[in-house]
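Below is one structure; the comments refer to it alone.
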Amino acid sequence: MAGSSKKIVAKTRRVLGLFGDFDQAFEVIAGIRRYQVPGLTVDDVTLKSPIEHPEIEDVLGERPTDIPKFAFWGGLFGLVFGFLFLAGAQANFLVQPQGGKPVITIPSNVVLAYEMMILFGVLSTLAGFIIGGRLMRKSSGLYDTAITVDQIGIVIEVTDKQYQPLTELFKKHNVIEMHEEALS
Amino acid sequence: MSKTKINRRNFLKVLGLGGAGAALAGCDMPSTVTLEEGEEKIYSYLAPEEYVIPGVGVWYASTCLQCPAACGTHGRVREGRVLKLEGNPDSAVNAGKLCQMGQAALQAHFNPDRITAPLINGQPASWDDALALINEKASGGNVAWMTGTVSGHQRVLLDAHLAATGKGHHYAVETVNARAWTDAGKTVLGDAMPTLHLDKAKAVLSLGADLLGTWISPVTFMGQYGKFRAAPRGVLIMVEPAMSLTGANADQWVAAKPGTEAAVALGVGHLLMTKHGLSLNGMPNATSAFQSMTPAQVHEIAGVSEAALNKIADTLVSHSPSLVIANASHAAARIAMVLNIMLGNVGKTLTPGASIAADPLAPMMGSSKDLAEFAQNAAAGKIDAVFISGANPAFVAPQGLDMAAALKAVGFKVAIATCHDETTKACDVVLPLSSALEDWGTHVPAYGGKPGVVHLQQPLMEPLHADTRGLGDILLTLGKSAGVDGLDAFEDYYGYLRTAVSAMIGSELEGDWHRVLQAGQFETRAASRAFSAGHDVALGFSETAVSGLHLVTVARQGLYDGRHANSSWLQEAPDQISKAVWDSWAEIHPKTAASLNLKDGDYVRLTTASGAITTRVFIYKGVHPNAVCVPMGRGHTDYGRWANNGVNPLTIVDAHLGDWQSSEIIATASLVKIDAAGENRHLVRLMDTDQQYGRKLVATIPAQQFGRTQGGA
Amino acid sequence: MSDRKHLTREQTKDIDENIAWASINTDVLRSMENPRRGYWVAMAVSVCLFSVMIYAEVYQYMYGMGAALLNTSHMWDLYISTFVFWIGMSHSGTLLSAILHLVHADWRKPIYRFAEAMTTFSLMTAGIFPVIHLGRVWNFYWVMPYMTDRGIWPNFRSPLIWDAFAITTYLTSSVLFLYIGMIPDLAICRDNAKGWRKPLYTWLSLGWRGDDRQWRNFRFTYLMIACFLIPLAVSVHSIVSMDFAMSIMPGWHVTTFPPYFVAGALYSGCAAIITLFILLRYFFKFEHYMTFPILDKVCKLTFVIAMVWTYLNLVEFASVWYGHDIPSKEVLIAKATGPYSPFFWGMMTFGSVLPFSLLSKWVRRNMYVLFFASIFLNVGMWLERWMIVTPTLSLGYHPQAFNVMWPGWTEWAMVGGSFGWFGMLFLIFVKVFPCVSMYEVKEMVFHRKRTIYEDVDEMMTLHSGVPGPKAQAQTQTSGGA
Amino acid sequence: MSTERSKRKPFPWVQAAVAAVVVGASIVLGAQIFERQLHPESAGVAPAPRVPGAEFPTDTFAGKDVEQPINYSHKLHAGDLGINCLYCHTYARRSKVAGIPPTAKCMGCHTVVGTDKPEIEKLTQMWQSNQSPAWNKVNDVPDFVHFSHERHLQKFLFDNPEMDIKNAPDVCAMCHGDMNQVGVAKKMKPLTMGFCVRCHESNQGPSDCTRCHK
Amino acid sequence: MSSLLGNIFKGWSDYTKGNEEGGHHDYEHMYAMVIDLDMCTGCNACSTACYAENNLATVGEEYFGARQAMHWMRIERYFDEPNVGEAEADTQSRGASFLPMMCQHCNAAPCEPVCPVAATYHTPDGLNAQIYNRCIGSRYCANNCPFRVRYFNFYDHQETAWPAPMEQQLNPDISVRSKGVMEKCTFCIQRTRAARNTAKNEGRAIRDGEIQTACQQTCPTSAILFGDLLDETSAVHQAWKRHQVQLGKYAQNKTNPELRGYRIFEELNVDTKVLYLERVREV
């Protein structure tokens, strides 16, 4: 949640505005998009919501995710590793002649490699989720339990100059509550 | 000779499990750490023979005493323990083969229920006390011996002991015997034990002689049977009331009413005369007997169809030379002998036997006649003391003989036995006998050996129980105290035996003795016999057994007459015919079952004039509708942990129905009544089906095809 | 909330769009607290059953597998059939969650959570059976491919190893699927929790703050795992079927087994969903979320799958019947006429005839009838598994081994105990985790309202001057805050 | 806030695939190499004995002290006096077990040598009373393992052109460690299946399970 | 390590070779058996010899009744003989058919690929081996055996089957199995091993007839023949050849279809190594 500090002017505080309705939050972000708050772009906005809002991407813009890559590579690794592992194990197993079957049995290894592909795919996806979703990290303090109930929060880091216009924009769209904290 | 003995004994020392103990608990258990140091003990040898190597098995020759056939064996000995028995390939009796009873001799030896110390009135005692008591009570008067079949030097010592103690008699008891056959042989051909050439016969007709199962020397006969079945293939015909192992291998199996095999045999003779024009020269009695038994009469008496009878006669004529054997009754056996004469088999498939020249060694073949005589004499108070060894009269005697009372009437009874049984329980003194694998002995096979060959029995291991003694040693001790001449020179039976054998092989040399030990047998002078011309004996048969349900008690290879019931291997080896294990059953025909409304596994009460037993029925077609067949061997009450199951059909055999011309107790003569006993429990069998359900498991082909492909007839 | 009239059997909407979001939280969180007496009774019963299972296992461990009356012909019996049964049960979660998620059937949202939990717990139950049926349970880990200097590996040709791989994968994946889908709800729990629950949910929710970044990644993750799960679920049950299909035994070596098993799995899973649906609705008063229209849909789905299963079943019979593999035919005939025939016909009745009752709207909307119907459907499916395993073993190829056996007490104890174990896990679950997905119900409400109201709202305002539902909802939502 | 979306490059498919294969293969093969090769010699007890043409595991095992009825010293007999292993353990060349020498063999010397020592007196007493000492087994393998001394001696000693019977201690030491160094026998090699298998692999011994497990 | 790829290729070429030349196996020996059913009298001697040789536990009536017995060699008895016409309806008119049934040591053994831990596999001797200490008791192998000749230790039998001093009889050359493991006929592998050892010490090949299985050795009618099928001079090889039965085929193409040799369940293509010779009946 920590914003990047690429801007020249130091951001001094972080503001959380809570809204009762998705449409209002949408409007706020749309406002920011329209540069109603000077210097703020949608990239500075973090939306916190009780449910998932894919529609928000209309206004927030497309933000990429690496999950499919994680899934793909995890799965591919599982497949290759699985097959090599099994083949290696079979070829060097002391006990080789088995019921007239060859040493490396393709059908069984396909089945097992398939399972390994899924297992590693899933595990890798989970890893991708934890990394990409910035989970298991210390979070910023700005949070309200109402978010998990029914309110939508918008978190923005602003400079002193931007604070006032932002508050106005929030209020214009019926902000229910506002929290803020100073950035050190 | 005592020096040899010490060496001999040393190699047998159990000490020295030389690093490879019994591989018990071969698979790991979670709690067992198998790689422990210092958890197992190793005992080293003291001073072993050079050829004794721990971890390497050595084979020693000996003789099997599981049945009277006396097959030669090889025992594998490792670390002083005998592990496995095989047939002795040099023995002419069994040619390296062994039956399941022979295999199970190991279990008789290692049996957990062995007697380990002498008992006086059931209390452990010392040998000295026991022998003193025997000397006191059984040194004079009418001292009898009861044994199974005995031969060799044990018989010599036994006879000597009897002679020394005075008026005693030797009763040799064998429930499973060939007395009918031997008597008939003696009567008709003048040879009690003619040599049979199954392998040369092209057809064999057996009238109740279970030659593959229990008759005389089954392993010998099975060896010959193998050759008999090779091209040109012989035909086996069996006539009997209930299927035996031989019947189960017969090409033609003819179910006759119990006790009517003789009639069938006469009928066959009738057809041979009338249809095939054979004749009996100089035997008018026999000729008239044959002529008077028409196939129609046979059908009426024995329930055997004329077609079956014709088939038998045709086969015997077309497959010449043939062989007719019988054990069903004395009558049947005599007729069989005469049929052999008529078919011209004598001299071809039936040749004179041979015996060893030293007659005292010859086997004393047991019979059930001796059992009945013993019971009568004992009850009459004619026996003051008896030594019982190798026989279990309390078990095998029918209730009609009242053996319990008979034994009670004997003042002093000594049992010499390896295991407790019903008889030892009734005896005053019980002497612990070494097992057959711990004992020395010489045995003359009753049948099948090379002429003049004596089998040597040598211990395969040190006695398991220190306080047991061999039969020979006991006989020697008894003989010495009875004052038998010439025994004082011998310290033990081994010494006696070695001297005797050395005399017989004509060599005192150590090397020759070792060769005998190695071979497990030695040759002595054989006395060949000859047939006398066919005696024209009276042929006939008892007509007591032609209607009503009859009890048929049969012995099967396995438990035999019950002496092997304390072997878990044999208890668990499925009966060859019914495939049942661990319990008794009564075989009845489906028709009989239907008329009595019985199903498989129903308990029935079989009642004869002598008593009743309750067992489960096994319904199948291999038994005559007039017969109820109960195999013997089970029904022990006091014979170790494995034997106490099932019922003993011998107890209800009607003892007073003797055979036609002998006082043998016969197994097929008791009228029996069947009552459902209510309960039903599945008979435990190896398999619950008789059918192959179209699978090609045991494929069968006609003999013609065999003839075409294997060059047979 | 106040008006329960619309929650009756005549209800037509899957969910009341006007339900307040806050009350969703309240309702679900309430269900996780203060277990009532019924809960403890259920728990006690489950623990008792499970204890019997433990006892039976200890007994079997001490005395050997013979205690189960298994024998040379019947090396497998109830252990394996119950294993297959539980594996089948585990397919419901995947079906409802993953497949319906991919096809955007949003009515799954109130009910998928417990279905997924069921998946996980049935797998954990199923996983017990291959282990306890081992003769030497203490060596069960030998089926795992781990490095050892002995140079020995498991035999990768064995379908049992495939099972081990498949179940491990499936268990891992479905636990993760359940867990990932629950993270936003765990955040809700965290925000409302007190006492020991607080650190638990804090830890489990992984710092979920509802950021758009988190939601976005969440969406993709959930979708990806759903994509992985569907082929996985299909493979898991077809691999289980290969335990049989890869053998040479008559009645087992059947090519239709993989789809047949998958269909059977979905079937029993659906039936189990109906059972648990009704129980949860009744005990937790989830009438607002687990509504009759949703139940109706589940029932229809069940019927469809039942018909697929029946079809595959008949196809299997037909192929055996028209084939000339005599042993297979014998097994089939013996199933229908032999000693096991009551169970076979029970399976056919419960599995193929009973589902037709689901065609009746009265049945679909009658909780009591449906409850028992769903139980019997599952009894039928359990019988199906038993009828797959045992009749084949009672016949097979070799007549000597033809044998009819009935399970021993340890087998019944373990079968019963497996229900206890499952019940125990499920009971713990419903009190520790939200068994209705709160955020997704909110989504469902949100989207339904939007899609319905977008056009209606304007019309209503235009024609009647009355504020449209959208406006109403707005006030209601903010009022509920 | 990530803004890298603007500078997205085509993904390096080929390189990544190669990398995945390499990683996977190296894990498998690395594990094989690590696990299947002979373990490096661990510090301590004895230098590896020399048996030409044979490679064998050098890992050692610190066996516990096993108490024996007679404190027989291998160091004295085999080490100091230089008695060949096969002189006493004579069965080793003819049987699967090496065996404990018969008491007669001990008495061969000890009727004359060292008769006054207390341990020898113990032995003499046992001999005279026809008793065998009850030795505790030190090198024990599970009962389902059927190891043959004969076969191994044959291969490494008698069939080995570079070896002479006097080299027997070197061959014995492959599995038993340097017995010349210890007093009462002690287990000095792990004798686990891994130990056996590694040796079999490096010396082309049979890999058929039934050779040892029957 | 270097063997990794080598093993892969070797295994594969062996396999393809096996497909091309029916019955090819890269084995040192291939022990096989011939049983003449016309000689077999069903006397059980082989079965009991097997108990003695192979440390088989007796289980008692209760467990036998529960079909938990472990008789590696069992003698089955059938009464129907479809090939030579039905016997008389109400009474038996000929004997029974006996079938000694033990592990058939299939070359394509269905039990082998299904064992999860590879406790059963094919040895270079062409034997189907069971490694007791590796077995975890999944019992899949037994389920997949069409002959039902794999026996499971449902209990520990040490105490009851070999009460002291009977444990002294146990053959130390093979393991005594404890509960939870599968066991089966091994063609007396301990005897094979011993003969191989002797032959190796004497620097020669194993002679035909040098290895005798316990059942063969005791069989009173010599109905059982055992030997190396790869050794063209062996009696077993001769018998297989004489009866025109070849490995690797599920239907034999005999020039003389009347020859007696056949294998049980040949149509399952498990490639058994026990050749049975049909029983003959005089009809």
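Letters A, B, C, D and E mark the chains as written, and numbering starts fresh at 1 in each.
Following the convention adopted for this analysis, a contact is a pair of C-beta atoms (placed from the backbone, for glycine too) under 8 Å apart; a residue touches a chain by one contact, two chains touch by 3 or more.
Owing to the predicted nature of the structure, the values given are computational and were not obtained by experimental measurement.
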Message = Give me the step distance from subunit A to subunit C, shortest route via touching chains only.
response = 1
Ask   = Hey, what chains does subunit B share as contacts with subunit E?
value = C, D
Query = Just by CA atoms, which chain is the most central one?
reply = E
Key: D-E or B-D, whichever has more C-beta pairs in contact   = B-D
Task = Compute the centre of every chain as the mean of its C-alpha atoms, then state which one is farthest from the centre of subunit A.
result = B
Task = Express in whole angstrom the distance between the two chain centres, defined as the mean CA positions of subunit B and subunit C.
result = 67
Message = Distance between subunit A and subunit B based on Cα centroids, please, to the nearest Å.
response = 90
Key: Distance from subunit D to subunit C - Cα centre to Cα centre, in angstrom   = 54
Message = Using Cα averages as centroids, what's the distance between subunit A and subunit D in whole Å?
response = 58
Message = Where in subunit E do residues touch two or more of the other chains?
response = 4, 69, 74, 76, 78, 110, 113, 118, 121, 123-124, 132-135, 173-176, 180-181, 265
Query = Of all the residues in subunit D, which ones touch at least 2 other chains?
reply = 29, 32, 36, 142-144, 197, 207-209
Query = Going by the touch rule set out above, which residues of subunit A reach two or more other chains?
reply = 46, 63, 85, 88-89, 92-95, 98-99, 101, 105
Message = Which residues of subunit C touch subunit A once you look at their complex with the stated criterion?
response = 20-22, 25, 145, 151-153, 155-158, 161-162, 165-166, 168-169, 172-173, 176-177, 180, 183-184, 187-188, 191-192, 206-221, 224-225, 227-228, 231-232, 235, 239, 242, 439-440, 442-443, 446, 474, 477-478, 480-481
Query = Residues of subunit E touching subunit D in their complex?
reply = 1, 4, 121, 123-125, 127, 129, 131-134, 173-176, 186, 189-190, 193, 197, 200-201
Key: Footprint of subunit C on subunit E - complex, ascending   = 63, 66-69, 74, 76, 78, 101, 110, 113-118, 121, 134-140, 142-144, 146-148, 150-156, 179-182, 265, 268, 270
Key: In the complex, subunit E residues that touch subunit B   = 37-39, 41-45, 47-49, 51-53, 55, 58-61, 64-65, 69, 71, 74-84, 87, 90-99, 132-133, 135, 158, 161, 163-178, 180-181, 214, 217-223, 256, 258-260, 262, 264-265, 276, 278-283
Residue ranges of subunit C touching subunit B (in the complex, touch as defined) = 136, 138, 326, 330, 397-400, 402-403
